[in-house]
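Pasting a structure here, questions to come.
To keep things simple, chains are lettered A, B, C and D as they appear, and every chain counts its residues starting from 1.
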Amino acid sequence: MDMTTEKMMMSMTGMPKDMMSMDMSMMDMKMMQDCIDACVAAEQATLMCADAGSGDNMGKMMSMCANTADQTNSMMRMMMRPMGYDMGMMMAMLEATMVMCRACADECMMHADMSDHCRMCAEVCMNCATACEALMTSMKSMMV
Amino acid sequence: MDMTTEKMMMSMTGMPKDMMSMDMSMMDMKMMQDCIDACVAAEQATLMCADAGSGDNMGKMMSMCANTADQTNSMMRMMMRPMGYDMGMMMAMLEATMVMCRACADECMMHADMSDHCRMCAEVCMNCATACEALMTSMKSMMV
Amino acid sequence: MDMTTEKMMMSMTGMPKDMMSMDMSMMDMKMMQDCIDACVAAEQATLMCADAGSGDNMGKMMSMCANTADQTNSMMRMMMRPMGYDMGMMMAMLEATMVMCRACADECMMHADMSDHCRMCAEVCMNCATACEALMTSMKSMMV
Amino acid sequence: MDMTTEKMMMSMTGMPKDMMSMDMSMMDMKMMQDCIDACVAAEQATLMCADAGSGDNMGKMMSMCANTADQTNSMMRMMMRPMGYDMGMMMAMLEATMVMCRACADECMMHADMSDHCRMCAEVCMNCATACEALMTSMKSMMV
């Protein structure tokens, strides 16, 4: 799967620059690929964590996981659509995804002792938040 | 459909407050209902606009519409999950949805003369941005 | 919202027939509009039911609701994209959505005595299954 | 990412059997993991193909890709929620996903000569259809 995504990303960088809405040649494609992978992993981890979590006092955690699953999917999809790349939209979405992943990780970490799913989900969400932040930092440096 | 959503929202406000993660009694439920409806309308308008848009120089518009469809769906879903209500997450998501809807409306407005779909989509997206902003303003006043 | 969807559907029927992949002039657009509304209602009801359901023995119900929310959204999206209308794909998706909604309604009905969310969700899902079946029947009659 | 999914799937098989709605011990988890990966790959390939496709006579292809992206995501999500595993629902969804992927692959193959995105998308979709079919065959053999 990674192989395929990588091949497609490479074909993307090979597109004529005037077909891109944002100057892709300045984007760190390796960093964006990492962010896409981190989003897919976070979507899967939160889906599974939400599913496994039924029980007392797990309602908030399950709901936050479900929200994070949706947001990481929307974020991933946006990155797969280079024709619509737009700096302002991308920054707002990365910011929201980072906030969601961090809050979800914090909540899941509270249940980490009792649940392997929660511990893994917290790790994967923190990783996704980090990947979003790295991409934001890289994009900000392009705007100078 | 509105009827059903309204009935469900009412059943939500009837839930014990300690089951809520945020103090729902202070939330303006009518305003949230408006925002949910605005998100569904924006999702449908952007989906249809993206679908109708094939042709020269429509790539960016279609891509932005597809992104906005995903984000308005994620936003709607979050509002349908009261167990996970969290002020920080909600504000970050409303902000991102507002940015997406405004940018999508701006882009679609450029094609409004030639396309009814684009003109309607721009209107519906502006309405969704307004609903998100109203909810954010209302939530900020709760935090004082 | 319904107003907007109706206006957009009307603009769709006004499209040149050769832009459609399937002969839209034979489609019962009122029936499709009903199916779209039923899918949105089912997505919202299942999202809320899954969210409200934490507790003992609710795991299967919550998971089935979450699955049905995703499928009714995918079904709705497909109907909002007339450029891609294809008889075989549409029938397979309507069939799957009908199966999902019926199974979800059956599961939720078991908890209907204890939970208003489950009872409402069961009703809305049955309504969606009926709308999908009606559309399938109507499409089959076109194929004769 | 695969690493994480694999770890989570393994933790899933370690769950008490009475927590599962279907007898997971009989499921071929490697085959399901392959199907999940194939769905993620198909979602990403169709998203990118739909985005790259603007131009004359590409409307149907783009629309079919967008529909397939949604359906493969719904299918993946269902497989990530073991609490709700249900034979009838799973079979109906695998059938629909297989039909969608095959039709999308057929359409994209028509544009394969002119577009690398279409050729890759067709390959990835055929692979996903094959993975769905393999899982269906495996599940049918369990029902004897």
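The rule is simple: contacts are C-beta pairs under 8 Å (C-beta built on N, C-alpha and C of every residue); 3 or more make two chains touch, one makes a residue touch a chain.
It should be emphasised that the depicted structure is a prediction, and the values quoted were computed from it without experimental measurement.
Enquirer: By mean C-alpha position, what chain is farthest away from chain D?
Expert: Of all the other chains, the one whose centre lies farthest from chain D is B.
Enquirer: Counting a repeat as over half of the contact pairs in common, which of C-D, A-D or A-C repeats A-B?
Expert: When the contact pairs of A-B are compared with those in C-D, A-D or A-C, C-D matches.
Enquirer: Measuring from the mean C-alpha position of chain B to the mean C-alpha position of chain C, what distance in angstrom results?
Expert: 20
Enquirer: When the C-alpha atoms of chain B and chain D are each averaged to a single point, how far apart are the two points in Å?
Expert: About 29 Å separates the centre of chain B from that of chain D.
Enquirer: Where in chain C do residues touch two or more of the other chains?
Expert: 50-51, 54, 59, 62-63, 66, 73, 77, 81-84 - these are the residues of chain C that touch more than one other chain.
Enquirer: Can you name the residues of chain C that touch chain B in the complex?
Expert: Within the complex, chain C touches chain B at residues 1-2, 4-5, 7-8, 11-12, 15, 36-38, 40-41, 44-45, 47-48, 50-52, 54, 69, 73, 76-77, 80-84, 116-117, 120, 124.
Enquirer: Any idea which chain A residues touch chain C in the complex?
Expert: 50-51, 53-56, 58-59, 62-63, 66
Enquirer: In their complex, what parts of chain B are in touch with chain A?
Expert: Interface residues on chain B, with respect to chain A: 19, 21, 59-60, 62-64, 66-67, 70-71, 73-74, 77-78, 81-86, 88-89, 92-93, 95-96, 99-100, 103.
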